[in-house]
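You will see subunit A twice below: alongside subunit B first, and alongside subunit C after that.
Now for the complex of A and B:
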């Protein structure tokens, strides 16, 4: 859908059309928050899918981000002869910025692409049309449970990310870089407040809403056979990662300045 | 291409699908990602400059002076070599998942999903070892 219409209609009109379609999708989703029926089983299912499936991917990514952060921080701080202060760098970078972004991106990469692929397959197999014909509103049935589930589950994943990445950074600091472990943890705890962690969780839930909305939208507007599903999944990844990075700047400016 | 039998058609026509489909992508990934990294480095530093100097109002000469003081060529080269590694890795993984996809439109979606997940995880894991290998010699 995307590539041929860029070529046939020009970039600007394509962007406007896409923006309008997304706004319509968003409005329809918000309006259906107050739909007469809430599909609670779907909601629980989606929470399970997003949470437990993403957790397996989140563990290695968070661990290696923490380890890498520690090594990089050590290399930079060593130039100033302040390598003992690496805990401060790790704590602030990890808990304020990276953990919510990692959780958002991992959920996007794992659960988001799956949503885009699944909804895209349903769109191409005309199953969404079949739902509408049967009088089932697809928004409260498929879209809303996913968005709400991500909003609820993401903060918990962010907490897991805090723990895993700080722990792995600690292990690297002690066993690879031979720093003092208790001094490291002292620096982590003295530079991070509970409010920072809560703000990170709020960030995470905003990212969850963005990621799921964008991937559901990309799947919902897919067209063009098997190739269309691939294009929709690809577009979902590109759009959601760009959106997360942009929104992160805005949220950081709002929360920490 | 796998789902529609186009790769089988390549083989029937005695065209090696690895040579025709995988190798060009790997070579271009190897060559293009370092250039993209340079652009990314430049844009990132520019963004940092705009925020620190223009928005927060710190000293422009201090920013640029410190930048060139503490950054040396090995940092940039290390980043470029890392990027070339990542380029090959990501394209190899994605091509693998695409090459062995089965099961129609749903299978294509599943393969794209698996490719994204495997790429993200392997980049993160690889990044740590490459960082230690390039910059961690004299720790």
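Now for the complex of A and C:
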């Protein structure tokens, strides 16, 4: 179904119209969760795309973040003579906050932009219109498999990020900062519970839903030729990264306060 | 039967269709012609329910398209085969997969049979043995041919073409015209072709409707329209820049 068009040029009206269009898109996506047909092949393809595309970037980013976190923590804690406590700082900052956010942002940058560009190109090239006139509902066919795949894959990527960033922090702590390795790991495990890790994975799922919904929406509403696809991709990145950072605050308040 | 009843559509201040009424004859080729930006594509989108009219209604086989709920609309669209400009082929699928797509979606046919139908449809449009090629490897004319094969894969009752020869060289455009003509004569289905190609219009049309400034200024058989004493129609057919038709800004469509 075509989304309502934006007909007003005023900023406020534009924002209201955009909000309305996004709400409509979201509602259509949710409504089609119970569609008579589930495109399982598309779902598996998307899981593969999101996982494989993001993993190669996620490894170095997670490693660098872990290293940096350890060094920064060391600098701060050393002022109080408590540099041995850096493991606690790494654990809390990493597992509760940074890992889910990093995984979300990397998936957004790699898979999300690809989704926005691909769906945008399909919109511009009338491929989505073609789908619709062939009696195929685009939401269950191309939107929902992407959202559901990200919701499932993101928590796994969050676990990978936990592992890689904590390991890299450990290596820096032991080999560069000459801290006691077993004390470092003791602090990591004593300050993080399984529940914390699960909450981080839930955050990952939420970020997965946000990244893919925003990317698909940006592509789905693209207009104006090749330039429109570029704008849609750009908008997807801006919207999703802002949304991830904002929603992270909300989730942290809800889960850990 | 397809009937447009007092259909109006505007985007903001731009009136695209204004109180358009007509009955599209069954089992014939009807060409909807008119200068660029006069809402010819919207005429088609209203028919298949991609756009809703602001006023009036489009009725197909007794059903009002704009009143159908979303689920029903997807079922209803199976009656149609639509060839969009440049084919609108799915670029992530091969030619064969494109043509097989509606069959896999809407039938329970075994793969073997689907492959046979795909081969038959591709042969019918002069694209035999091209099922493993990618849309990016095809020329404009070839893309349209494959798009046509996909549009007729389910053997729909109504086939709609949006500017099928737009941007093609005269020889390829003529071959597409021949293909449309041949397929219609063979299937006896209702064909609706949107175009601004005058030569093509006179070659394949049984009926012609002319849109200008949001109005359906003429509708009738090819002979009636050819001899019609109407300044707009005559200016268009004479390819003249002097007359009531002036260059108009392009239509702002909702998702294009």
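Here, the second predicted complex is superposed on the first by the 249 of 257 C-alpha atoms of A that agree within 3 Å, B and C clash if a C-alpha of one lies under 4 Å from a C-alpha of the other, contacts with A are read in each partner's own complex, and residues count from 1 in each chain.
Heads up, the rule we're going with is that contacts are C-beta pairs under 8 Å (C-beta built on N, C-alpha and C of every residue); 3 or more make two chains touch, one makes a residue touch a chain.
Keep in mind that this is a model prediction, so the values were computed, not measured.
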* Contacts of A:125 with subunit B and subunit C, given as first, second, both or neither -> both
* Considering only the touch criterion stated at the top, classify A:60 as touching first (subunit B), second (subunit C), both, or neither. => first
* Asked: Once the shared chain is lined up, is A:74 touching subunit B (first), subunit C (second), both, or neither of them?
  -> first
* Asked: What is the contact status of A:42 with respect to subunit B (first) and subunit C (second): first, second, both, or neither?
  -> neither
* **Contacts of A:191 with subunit B and subunit C, given as first, second, both or neither** => neither
* Asked: When the two structures are overlaid on chain A, which partner does A:135 contact: first (subunit B), second (subunit C), both, or neither?
  -> second
* Between subunit B (first) and subunit C (second), which, if any, makes contact with A:221: first, second, both or neither? -> second
* Structure fact -> Going through subunit A, the residues touched by subunit B and also by subunit C turn out to be 118, 121, 124-125
* Report the residues of subunit A in contact with subunit C in the complex, numbered from low to high. => 1-5, 7, 118, 121-130, 132-137, 221, 223
* To do: Please give the residue numbers of subunit A that touch subunit B in the complex, ascending.
  => 57, 60-61, 64-65, 67-68, 71-72, 74-76, 78-79, 105-106, 109-110, 113-114, 116-118, 120-121, 124-125, 176-177, 225-230, 232-234, 237
* Given the complex with subunit A, which residues does subunit C contribute to the contact? -> 11-12, 45, 48, 50-51, 70, 73-78, 80, 82, 84-86, 88-92, 101-102, 105-106, 254-256
* **subunit B residues within the subunit A interface of the complex** => 3-4, 70, 104-113, 116-117, 120-121, 124-125, 127-128, 131-132, 135-136, 139
